[in-house]
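Here come two complexes built around subunit A, the first alongside subunit B, the second alongside subunit C.
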Partner chain A sequence: MTDPKKDLLYRLADDQLILGHRNSEWNGLGPILEEDIAFSSMAQDKLGHALQLYSLLHELGEAEPDTVAFTRNAAQFHCSQLVELPIGDYAFSLMRHFLFDHAELLRFEALAASSYEPLAQVARKLKGELKYHVLHANTWIRQLGTSTEEALEKLQAALDLTLPYALGLFEKTEAEPAIIAEGLFIGEDVLRAQWLENISRVLNQTQLELPDLSAITPVGGGRHGEHTEFLQPLLDEMAEVFRLDPTADW
Partner chain B sequence: MDESTILSWLDEVKDPEIPVVSLVDLGVIRRVQIGADGHVTVRMTPTFSGCPAMDYMRRDVERVLREHGVPGYTVEMSLEEAWSSNDVTERGRQALREFRLSPPPAHQGIIDLDILEYAECPHCGSHNTELRSPFGPTLCRALHYCHNCRQGFEQFKPV
Partner chain C sequence: MYGSVSTHDIPAQATTGLENEDPQQLAEFEARIARGEKIEPDDYMPALYRKQLIRMIEQHAHSEIIGSLPEGTWITRAPGFRRKMAQMAKVQDEVGHAQLLYSAAETLGKSREDMLTDLINGKSKYSNVFNYPTPTWADSNAISWLIDAGAIVNQMANARGSYGPYCRALERICAEESFHLKYGHDAVVHMATGTPIQRRMMQEALNRWWPPIMTFFGPADKASQHTEILMRWKVKMASNDDCRQQFLDMYVPKILEIGLTIPDPNLRKNEETGKWEYTEPDWEELRRVINGDGPCNQERLAVRRAAEENGAWVRRALQAKRQAPKAVRPLA
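Let's turn to the complex of A and B:
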């Protein structure tokens, strides 16, 4: 039986690391300078968040953060499939960011009350930073979601495409009952309900339509090490420099 | 050597990305303790968790302790009392204004949209300003625009 704390931390940290890397791929390519900076800044934040969480895992006896981040293969990662998908066009990356960060802010707000005090401390720090991510996503979803036909078409297509993967964020593991019973976290079902309320509120202010969730099969697997073909190439690229000399002192 | 002497040394250490504000005025030095054996422990806390300058600040603190001949020291990073922008001192806020960086508005612990969008123009002092982007040249800065003097400016973000 996996330690519920480690189970929870790996899922949290891997989501941050992988989406952080994907966000960094907008560096130099953003549609406007401010968006280039925004995605690069969110990438930097998320890598910082991943480091804090891998450090907690290290305190629990796991390897050094760099080793954990750069030496595992895809099947050893516990991120959701949502975060590993390629950046696609800006509409896709924006929609993924909107759906992911709404869940992430709620997740860390709840974790701020975790019975596991070191994680609660990290969560209290991270939730303040995540507010800016949600503010950024909401601003652009509202603005583009009420603009031209082309923008609406692209965003609606992105929403339809990402939603099944976004529902995969709330995939449970075997440790879920223990995680809730020990007061580590409120649990994925409660989080999903809060998330749906928050994203609906913003989407209702736009011309975008939230598809009927009961008709959608969530894309899971990521929490159990089942990933898309896109994760391993990402890991290879991310760890390319580290693997040249794993003992180098930077 | 006492704790206030060490704090006065640390006042010489500046934020490498905002070289007019000391770490003490930034509020990132949480505690200085001298043990019975003379061992000095400095506890720091990061402003933003992904801030690349934190490592440099930590090294600068270690360098200052070394240069003042402190024989044994530990510089630790802790989130026990997480940093809030309210921790920037009045002197720090004044230094930010002179650097033409709008200081973070004081808040009561709850950061809502009103706080996030509020900024005082560091050029003309007007509050007729608008948040242009919550992300700027560093993690701790947001981009705003002043409708009074019609200039863009940066703000140290409230968190």
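Let's turn to the complex of A and C:
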């Protein structure tokens, strides 16, 4: 993919779609009803974000949002591997939500100043919603991250597990120099530095420890179509009904 | 989403509990209800009234969270963005209803934790329809439209009942359910008037769901235990058969209008009596399913139980925070 706009949009949209899908799996399984509801709200937002971003791609000549979302295979997806991992236990999903949405809020705040005006407009709207996602994550990380031994153990394990994948959010593509040069986006390195500052600030208010990032190898590949074994089954499930009758209007 | 199942059957000896009530207070209580006043949490109420309401609201709440499961499993498979987002929002509403209802039941003195424990232990019930499977997307649509339609019939009646917090919760719930009805109808219409594959899927789903829908409102009145006192106290507002008749009046024409066939050769409206006649539902099966022997009882409760167990550490952590002493500033 050479068009820097499309390269950027696919990464943004695929992350939102796949995490939205994963978060929706919490229906009926949350530790308290209020969390079922919160995860569902965030999932709905993320699906909405994905739809808006795929619509921008459609304006750039790509297929309809439903076709793009429901008919590609895993190798054609550009999401990070972080978002495709199964929901695991609540500690894992909460930690992924915390690490992902901090990056996402900063990403869309920066995109609000993009030289690509249609994306800047979408970003200005989305960042308002993402602020609440971050607020939700921070509240729970602070609460549980200063509570029982049991909770600390689970959250620390989740942090250690998710961090290498979270660093994969900032994996660059070949289009990165053009994306920065054209003023589409500030670039992954700048974003990563801001993200680290923000998550560290919250984690410092808890008894959790941020591992030494220099000792961690980021798990990349997702931006280039290399995915975990979990993505294709997710996509198969997502398209199960859609594919029953491709001519149908559901 | 809720039908009246085993909610209203007071054990025969239970009315004897009234002997312990102060006759004057009881008379005033009944007079208030007769005047159409609402009973509020701090007001006097007979123990039997409290017990029946807890049972009824709790079962309704359970029906909402268990009811979110059969449709919830289709969120990840809903075809296209529009359906995926709407299905998610719809199911989320059902969980929100449970939250509202548990809170209404808590005003009567039973905690949410205790209610959920009774649910997973099988001590308290939920609507029997959710013990049937949803093998296809069309089954989920059938629930969204017709079970929600049945629930509205039931809940609109109960919203005119006597207990204030329950009535207010039901008003809010019915407002949301009416959106579900539109959503479900839209989804069913798309299927029933769609491609041959869609039409076949929808008809087969209706065939599967018609018997549970007919039992959704509970046993026939002639088989129900006498509930005169619950009607007088405005705990029970409409009879099972009345609800069933009202549902058939409203929805049979709509189902036929979109080209679906109702799988009951005996279903017809008797013009003389103005009543629907239908094949007698299998009440024995209803009893069996309510008592735990339906196709999905074990699965539904297992999901809920796993959710409770897996989330227990979060609730323990929150509880510990609540009990932790406030930090004390050292004097020196």
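One rule holds for everything that comes next: the second predicted complex is superposed on the first by the 248 of 250 C-alpha atoms of A that agree within 3 Å, B and C clash if a C-alpha of one lies under 4 Å from a C-alpha of the other, contacts with A are read in each partner's own complex, and residues count from 1 in each chain.
Note that contacts are C-beta pairs under 8 Å (C-beta built on N, C-alpha and C of every residue); 3 or more make two chains touch, one makes a residue touch a chain.
These figures come from a predicted structure and were not determined experimentally.
In the superposition on chain A, contact of A:89 is made with subunit C only, not with subunit B.
Looking at the shared chain after the overlay, A:132 reaches subunit B, while subunit C stays out of its contact range.
In the superposition on chain A, A:241 contacts subunit C only, with no contact to subunit B. In the superposition on chain A, A:49 makes contact with subunit B only, not with subunit C.
Looking at the shared chain after the overlay, A:24 reaches subunit C, while subunit B stays out of its contact range. Contacts of A:66 after superposition on the shared chain: subunit C is touched, whereas subunit B is not. Legend: residue contacts after superposition of the two complexes on their common chain; A:122 is shown touching subunit B, with no touch to subunit C.
Contact with subunit C, but none with subunit B, is seen for A:144 once the two complexes are overlaid on the shared chain. Residue by residue along subunit A, subunit B and subunit C are tallied for touches, and C comes out ahead. In the superposition on chain A, contact of A:231 is made with neither subunit B nor subunit C. Counting contacts as defined above, subunit A residues 34, 37, 40-41, 44, 47-48, 51 meet subunit B in one complex and subunit C in the other. Residues 21, 24-25, 27-37, 40-41, 43-44, 47-48, 50-51, 65-66, 69-70, 89-90, 143-144, 146-148, 150-151, 154, 234, 237-238, 240-242, 244-245, 247-250 of subunit A are the ones touching subunit C in the complex.
Looking at the complex, you find that subunit C touches subunit A at residues 65, 68-69, 72, 74-81, 83-85, 88-89, 91-92, 95-96, 98-99, 102, 137, 187, 190-191, 194-195, 197-198, 201, 303-304, 306-307, 310-318, 320-321. Within the complex formed with subunit A, the residues of subunit B that make contact are 46, 48-52, 79-80, 82-84, 111, 113, 116, 132-137, 139, 142-143, 157, 159. Residues of subunit A touching subunit B in their complex: 34, 37-38, 40-42, 44-49, 51-52, 121-122, 124-126, 128-129, 131-132, 135-136.
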